[in-house]
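The following block contains the structure, expressed as structure tokens.
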Amino acid sequence: MKRQIPLVLVFIFGMLLAIQYFVPSEPSQRGYEFVLDWITIIGIFAMVLGIWSQVHVGWSKIKHRSENWQYSIVALVSMFAMIAFGLSPFGGLQGTIFRLIYNNVFIPIQATIFSLLAFYIASASYRAFRARSAVSTVLLVAALLLMLRVLPMGPLADPISSIGSWMLLVPNLAAKRAIAIGVGLGGVATALKIVLGIERSYLGKD
Amino acid sequence: MEQAVSTGTILWTTVGVFLTLCLFSFLYKDNPFYKFAEHLVVGVSVGYWAILLYYNGVNPNLFSHLFVFATDPATKVQYNTWHPKFNEFYYVIPGILGIAMWTRFSRKYSWISRYPLALYLGIANGIAIPVTMKANVLTQMRGTVVGLGFEWSKVGFLGVPQGIWDVVVVVGTISSLIYFFFSKEHKGAWGGAAKLGIYTLMIGFGATFGYTVMARVSLLIYRIQYISDWWKMIF
Amino acid sequence: MKYIILLFLTCLSLCLSQAILAQTASSDPPAEAALVPSEPPAPPGNLTLKDLPNDDGHGIAVKWDLSPDDGAGAKSVISYDIYRSLSPDAPDSLWKKAGTVVLGVKSYADKGNRESDNDDYLPKKTNLYYRVYAVGAGVRSVAAAAGPVQAYDNWFNTLKVPELIFCVVFLILTVRFINMAKRGIDLYVRPLAGIEAIDEAIGRATEMGKPILYCLGIGTAGDIATIASFTILGRVARKVAEYQTSMIVPCIDPIVMTIAQETVKAGYADAGRPDAYKEDSVYYVTSQQFPYVAAVNGTIIREKPATNIYLGYFLAESLLLAETGVMAGSIQIAGTDQVSQLPFFVVACDYTLLGEELYAASAYLGREPLLLGTLKAQDYLKAIALVCIFALLALRVFTGADVIHKPFDMPWW
Amino acid sequence: MTFNERLLALDRRWVFLVLTIFVIIPIFVKFAVPLSPPKEVRDVYNFIEDLKPGDYILISLDYDPGSLAELHPVAMAMLEQCYAKKLKVITLTLSQTGAQMAEEAVRDVADSCLVYHGFKPVPGIDYVYLGYKPYPGLIILGMGMNFRIPFPQDYNGTTLDSIPMMRGIKNYDNIKGVISLSAGNVSDMWVADGNGRYNVKLAFAQTGVGVADYYPYYQSGQIFGIIGGMKGAAEYEYLCKNPGTATDAMRTQVFAHAVVIVFIIIGNLAFFLGRRAKARTQESK
């Protein structure tokens, strides 16, 4: 009851959905769309579990006064404030405060975190691009040549730029293809392992 | 172009710039400003996501099937009248499955939540099997076989015919695939092919890395622009 | 406001220039380029209608012969307009425009909507009639109605035969190798560096008395990479429990969190220490990419985990997380199916599982014969794919491109 | 601790600091980046330079606001070049979300011509903006027959025949070339429908991400030039001697890349010196 039925459900639905891909008829399409809605709806209900997890972790930090507990208050208050501002009495998704917070807190922070990559890509290059072995030398040289494309190189500009294009179009393409084929087969194997019930650790014990 | 900027705009942009600087301070070391910005954005994003799911998820995907919706003639906004409708009653099933997730709050009945999880994984994996097979395996095979031109008359890199480079692509793809074989040890000729494969992979990785630097620096330029716009607005 | 003024000025200057030019241009020859509706082009011929194959029963395949005026002369065709109706002699207003194609094209797949309240509804098993107009410069040809034709459901999509063959072969191979494994036949797999590193890394964490951070990426529980990561998480959790280390699993999705909790709990139970499992060690952070990164980075820098494991679906956060991990002095193991992110993991992490190695990892860690069976099946299908590539390429080289192009140009692909 | 050991153990915050400084410097210190535009960019520039005043050119601004950073500078520099050369410029967009942006660009550059060149191109006489219409493939084909088929009127609703510069201008035969600035597959349609069917002389400006896909068209001669990404934009501005936002951004890019490259070189030097020193101490033992 606790493990067998879920395993049977995984098998039946996995097989049905895999077969559905080959059946274009209307009932099959409608069934597919209906079942996709299930996934969405289960995900939405699970959001309550997510919020609960946030509150639980945050609250236990505050209660036990563990390190940095003050910041958990920031997280919890901002979460509930955002939910409150987003509810209909405040205008819903188009509410003024909701929009303002979204545009002036959420968006700038996202963009800034993304832009940290400029620094990280520099420090990672400095640390990791060392000619330790033949393989790492190849990695280093390839990256270096692509970076040199941007610099004013005078007469060297054309050859460097064409080597760069060549690397993107020939070895890079081959590497991407091979990885994509491997990933495809590995992905199918993993999905099959779940559907056939060979892999079942996600269902827990007992 | 002088334009009057409202105090509100200045205030809110200042908030944004302040948070931006808080986050940049992480580069020096972890500090209270970063911790504040981090927890703030986590809270705001969870709240935002929850609200988004409610309006764009629960309503269109569930409630609209179970209840009669009406449109407010003034604002054109749809609202739920909470009057049940019965022609799509089967949408009760996902509703029940969703609620079954909540049994996790109880120790005794939490196993019930495995049912929706099992369905979720079954559906996701079932969909994935043929789609992955097609999108990754077959499409890439096709690309290798007919995607390349093998034109011997066209001059490519280093004055070598483009067709030769196409052959190099095929050889690179095959040797990289050989690198990924799990059943055979990398020894002898097989090991040589695998080695060629790993070099191909590394050139590809290095090139991608070097190529990406520009895009990442662009992100930083925009951020600096954001701060300097604010600076100009204030002073 | 400024735009309105500008627009106004633009209009004004336009009018003025018109007025000025009207005087000077009066001596110009008449504008020969003006669009004088030419004679209508000849209509397309031989209209044939068929049920659209491989669809849900709301589509019709329309074919015609090109109009004689297609692509040449003053009254050349520019496009063809396809109209559909429920009756051959319905007035023009009841003919619904189904689509437009450019000159030189002589077929159209009319995929209608399946909802009866939709404007583009194409009813199933109902007589339908079609007209195809050749449209010239400002005029269109006459068109005769053709029909009737009916749309039917199809029960098998013949365009998906290649996938079907590959899937079935894979299934057969998997079942065969699993049976071999069950019978105790030893299946060899070569060692994989990243896998041994996971074992060492957990040992290191125990020595240092520090936790292990396991990040499942930013995929949902429906992404195969995340699912593969669950299978590895179970084994890592088991080892963590055996070594009596602690672990931190921040999740980006509530469902991912739920499954991860079950998985970790099971891992602890397998190790015989179910009581050591702490519910809060697997927690939900937020569903948004960059706030999630901010939080995980904070956790890494504050908790200073001995080991960070990043396995699953990753995008730009790959380097953001991995570099922070380096700052915190953690050993790092990564793996993703995202080709574009592998370079960053390779550069910043100590071990990287490349692409499909991520999917193989659970078999390696568990060493369970059944899992090794699927790994073998994977290798065999890879070999088949290689053979196919070779064979097709050889065919292409020896017989010329046309032969090989023909099957590949079919809408299968 | 020897010098190279110290270098090897260099705190990454020094990298961050140096990068920050070199990213900020170009904002305050303006100087010309010596760029050496490759042939494919020079080809586009020279094509326009070699046209005679009064020649017609079509510039299709087929990008949406998302690609503004990379393609807008090209649009600005190119439009100014055309206006300054007194070409007759026909502009339009095949991107749904780009209609208003393109209109502003076309007009703004005309306005700025007054400042830089002492005259203002007149709409309807020196340039025309046709606006946006859906189905790019059909539009491109339609214009091959007659501009009036897809665009009976311009963006402001003036019929084409009452626009002075459009008199007698029927189709691609009356214009010297087409330059499409695009972030996506509209370029493919220009090649297939424009060049393939009507032999239009064609050049592209593409975003950095997409440019690699369109080089084959340049090699095969289907397009006569291609401008790629921010770098291409800066190079074009450089050729036009009209530095703008792309040049500014490029200045920062050059510095940032130089910093990263120098750090990689330093790291490797320290690594090799350290290895040699280690080998020597082992020898002496």
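Read from first to last, the chains carry the letters A, B, C and D; within each, the first residue is number 1.
The rule we apply is simple: contacts are C-beta pairs under 8 Å (C-beta built on N, C-alpha and C of every residue); 3 or more make two chains touch, one makes a residue touch a chain.
Not measured: the values here are computed from a predicted model.
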item	value
Contact pairs, highest-scoring chain pair	A-B
Maximum centroid distance from chain A, chain identifier (CA atoms)	D
Averaged-CA centre spacing for the pair chain D and chain C, given as whole angstrom	29
Separation of mean Cα positions, chain C and chain B [Å, integer]	12
Computed distance of Cα centres, chain B from chain A, in Å	5
Euclidean distance of C-alpha centroids - chain A vs chain D, Å	32
Residues of chain A whose C-beta touches two or more other chains	18, 21-22, 39, 42-43, 46-51, 54, 68, 106, 109-110, 113-114, 116-119, 121, 123, 125, 127, 129, 139-140, 144, 147, 149-150, 165, 168-169, 175-176, 179-183, 185, 187-188, 190-192, 194, 202-204, 206
Residues of chain C whose C-beta touches two or more other chains	160, 163-164, 167, 170, 222, 224, 227, 255, 258-259, 262, 285, 287-288, 290-291, 294, 302, 326, 342, 344, 346-347, 354-356, 360, 375, 378, 382, 385
Residues of chain B touching at least two other chains	23, 26-27, 35, 37-39, 41-42, 44-46, 48-49, 101, 104, 114, 117, 120-121, 123-125, 127-130, 132-133, 137, 141, 144, 156, 170, 173-174, 177, 180, 201-202, 204-206, 208-209, 212-214, 217, 220, 222
Chain D contact footprint on chain A (complex, rising order)	118-119, 121-123, 125-127, 129-132, 140, 144, 147-155, 157-158, 161, 165, 168-169
Partner chain B, residues of chain A touching it in the complex	2-3, 5-7, 9-18, 20-22, 34-52, 54, 68, 71-72, 74-83, 85-87, 92-93, 98, 100-119, 121, 125, 135-136, 138-147, 149-150, 162-185, 187-188, 190-192, 194-195, 202-204, 206
Contacting residues of chain C [partner chain A, same complex]	54-58, 114, 124, 153-157, 160, 163-164, 167, 170-171, 174, 178, 220, 222, 224-225, 227-228, 230-231, 234-235, 253-255, 257-259, 262-263, 265-267, 269-270, 274, 280, 283-285, 287-291, 293-294, 302, 316, 319-320, 322-323, 326, 337, 339, 342, 344, 346-348, 354-356, 358-360, 362, 370-371, 374-375, 377-378, 381-382, 385
Residues on chain C engaged by chain D in the complex (per definition of touch)	6, 10-11, 13-14, 17-18, 21, 25, 28-29, 31-35, 76, 78-79, 100, 102-103, 137-138, 326-327
Sites on chain B touched by chain C in the complex	23, 26, 30, 34-35, 37-39, 41-42, 44-46, 48-49, 101, 104, 113-114, 117, 120-121, 123-125, 127-130, 132-134, 137-139, 141-142, 144-146, 150, 170, 173-174, 177, 180-186, 201-202, 204-206, 208-209, 212
